[in-house]
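In what follows, a structure is listed as structure tokens, so that the remarks can point back to it.
Per-chain numbering from 1; labels A, B and C assigned in written order.
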Amino acid sequence: MSFVSVENLFHSYGRRPILERINLTAEKGEFLSLVGASGCGKSTFLRLLLAQEQPSRGSIRIDGAPPATEPDRARGVVFQRYSVFPHMTVRENIVAGESLSRPLGRFFGAGARAARARADAVLERIGLGHVAQAYPATLSGGMQQRLAIGQALVAKPLVLLLDEPFGALDPGTRLSMHDFLLELRAETGMTVFMVTHDLEEGFKLGDRVLVFDKPRWDPTDPEAFGATITYDFDARNGGIPFQTIKEDIHVHRPSEA
Amino acid sequence: MLKTTTFAAAIVLAGVATTTAVQAQEKTDFRVAWSIYVGWMPWGYLDDSGIMDKWAEKYGISVEIVQINDYIESINQYTAGAFDGVSATNMDTLSIPSGSGVDTTALIVGDYSNGNDAVILKGEGTLADLAGKPVNLVELSVSHYLLARGLDTVGLTEADLGGVINTSDADMIAAFAADDVEAVVTWNPLVSAIMETPGATKLFDSSDIPGEIIDLMVVNTETLEANPDFGKALVGAWYELMGIMSSDTPEGIAAREAMAEASGTDLAGYDAQLASTQMFFDPAEAVAFTQSAELPATMVSVAEFLFDKGILGEGAPSADFIGVAYPDGSTTGDANNVTFRFDTTYMQMAADGAL
Amino acid sequence: MRLINRRPGPALRAFLALLPFLAVFAVYAVASDIRLTENPSDRLLPAPSTIVETAARLFTEPDRRSGRILLWHDTAISLQRLALGVGIAALSGLVFGLAIGLLPHVRAALGGFVAVVSMIPPLAILPILFIAFGLGELSKVMLIILGITPFLIRDLSQRVAEIPTEQIVKAQTLGASSAVIALRVALPQVLPRLVQSVRLSLGPAWLFLIAAEAIASDLGLGYRIFLVRRYLAMDVILTYVLWITLLAFALDWALRALSRRAFPWAGAAA
């Protein structure tokens, strides 16, 4: 059985279909990039993976567990913004990655000291050791996203979900964040789903690139049909030599790529 | 910049300061204020019925009668110069306008409280039982005076009580219903309403000190001296209505019904309140009361009470600080600082039919 | 240069800030002088020097009858009532605000109710308050509580609801329970807002305090003001008004300072 399996997934808001007939499997350690035009459902799909919303039909299983009904520790997440807690220092944010699951949400005594030491080690690793006492609002956008990723990882999730994590960063910072993410991934071998609107970024970071699009299109009623995964590229080595198309049904419309 | 400030100052001053400046001059437009109380209800009716306008026209002036919901505020407004006359008790006239140096004349002595003010206890008891109990009342009002006079009769003082708690008259009925309230002192129509509560006992009322709580129409002395017609019109209108309302003719009943309605009760309720009020329907009676020897004694006792409570101001060296003049020319208090005058001239004219 | 781009220098700025105060004082002094020339015993607008003398007496000399310095007793009891009322209101505002902001069931049950209750003018239902809570300290504190709690609840629940969903979801992915989200994520973030809301509601709180003391009391700042109104002792009233203004200003300043010290992260964002 696959590590992540999505079976016959449909999702609609009211009578408006968003996602149709999505079937997907991913192996442990795979990095999947989710790309597509705005409003094509890739962020909705990520929220379903997160269990922040429940699908109208179909199911999502991670590591064979029953479908989740609310976000839990199996899923780590980093959003484009607001992913860290503004009222905690950088170090407290990392500690929170471990401590929020405890009864009162904090460690006491020796446990607290040990957690702080572990947090400092994490901060050194992600290059934020020098700002451990600072509040997130004083950090640059890139540093905040590093912190958000570090915080998500200390909770040791089964899958890491990234929703346009570098969308708000300037190009230079974005490149260094790519390196940062690739290094972390090489170290941890984690399973990642990343939504991005940047094709290049998707191919650079992902093992596979999933393209979300509407296979059917009614020009008089653009919202009559939902989107699905129309392409599933093998993106290893820049996606060139091993390109495969896995989906049976697809409509290729270059003008919308 | 300085010019602007001075200019702005001048504009504001025009509002605050000129109110007193024009008073002494001869004028034709006058304003008097009144507030709701059994003995003052005729003022509202004088306005509504057109009797006031009729008399004002006769003397070629105009008199505006304004109802003020807050009694103390009406006196304060008069003292500040916004009105030429106001309905007030002898005690509040002494403490507020006269105490503030506004020379004031009692033009009409309308009535005295003869049971309208009362000390009421929850449950059975006597005045002596008030010892150690808190008493709710409007502090420094005639209620406070009544309580002091009542305690005198049983040899107690305010210090023997469990304290006096200043309570708004508007909330007195609700206060009496509250658990922690044991005794109240108040006036009608609140007294009648509170006496309807099961277990309420009247310990002492103003009929035990008749003639000490006097309801007046007071006017600014300077204004009156410069404009005798103002006094004549007010007194003439007042005693015409007194004649009407004291009769049981349809006209008299209609007048009392209108007053009853304006004070929030019915004819029977208003007549009951009138019964505990010694109204001077006949100007001759009012003149006789004002000229009686008891009045100076009452005013001295009131002044002493006010001084004792610090109401005459910290600058007041003694209870005699303010002078009060009586119809025969005699005075009590400081003869060089007379700011409160009982004057029967106009009431006498009414009695003689000379208006 | 456009007017919107002209800025006063430090000296001029200080002068401009002082100007309205000076203007009010000048207007008052002149108006008082005119009235006192007319009638030396006038009490409506006592001379500034009289107010200073009265203030000195009120602050230092014991009352002739009770032997106590009434102003300090009035201040102590009023501040105690204010602190109790505002404190209880803030606490319940916080608890209900968090519950309404975070829990959909509580929001469904109480959201509309609080919105409606916050429209009731508490002074209009005074007789009910008297009978329910008596005429003592309780009813005065209750009036303040009833007066400002609905506003605090609405404001804080609004602020809780404004916490980005991303943060709430993130906390869930870190394994936080509802209680932990309330305590560790929502509570600390609304505390600065609580201080701000309390600062805003101090004005109404003073108003309700003065009203409560005016209606039934034997001690307190509002009691004294309404008592001496009976003989138009404006010198005493104005002294008390200035004192209350000073107290209110000091309270506001203290809360602002507290907020800056206790929540450095809130300022860092700006």
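Throughout what follows, contacts are C-beta pairs under 8 Å (C-beta built on N, C-alpha and C of every residue); 3 or more make two chains touch, one makes a residue touch a chain.
The structure presented is a predicted model; accordingly, all values stated were derived computationally and were not measured.
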{"item": "Inter-chain pair with the most contacting C-beta pairs", "value": "B-C"}
{"item": "Geometric centre: closest chain by C-alpha means", "value": "C"}
{"item": "Whole-Å gap between the CA centroids of subunit B and subunit C", "value": "37"}
{"item": "Subunit A and subunit C, separation of their C-alpha mean positions in angstrom", "value": "48"}
{"item": "Geometric centre distance via CA averages, subunit B-subunit A, whole Å", "value": "82"}
{"item": "Of subunit C, residues touching subunit B in the complex", "value": "19, 22-23, 26-27, 30-31, 34-35, 38-45, 54, 57, 64-65, 126-127, 130-131, 134-136, 139, 214-218, 223, 226-227, 229-233"}
{"item": "In the complex, subunit B residues that touch subunit C", "value": "1, 5-6, 8-9, 12-13, 16-17, 20-21, 72, 76, 79-80, 92, 95-96, 99-102, 136, 139-141, 163-168, 170-171, 173-175, 177-181, 310-314, 339"}
{"item": "Subunit C partner contacts - residues on subunit A that touch it in the complex", "value": "50, 52, 70-73, 75-77, 79, 81-89, 96-97, 100-106, 135-138, 148, 151-152, 155, 157"}
{"item": "Residues of subunit C defined as touching subunit A within the complex", "value": "164, 166-167, 169-177, 179-180, 183-185, 188-189, 263-266, 268-269"}
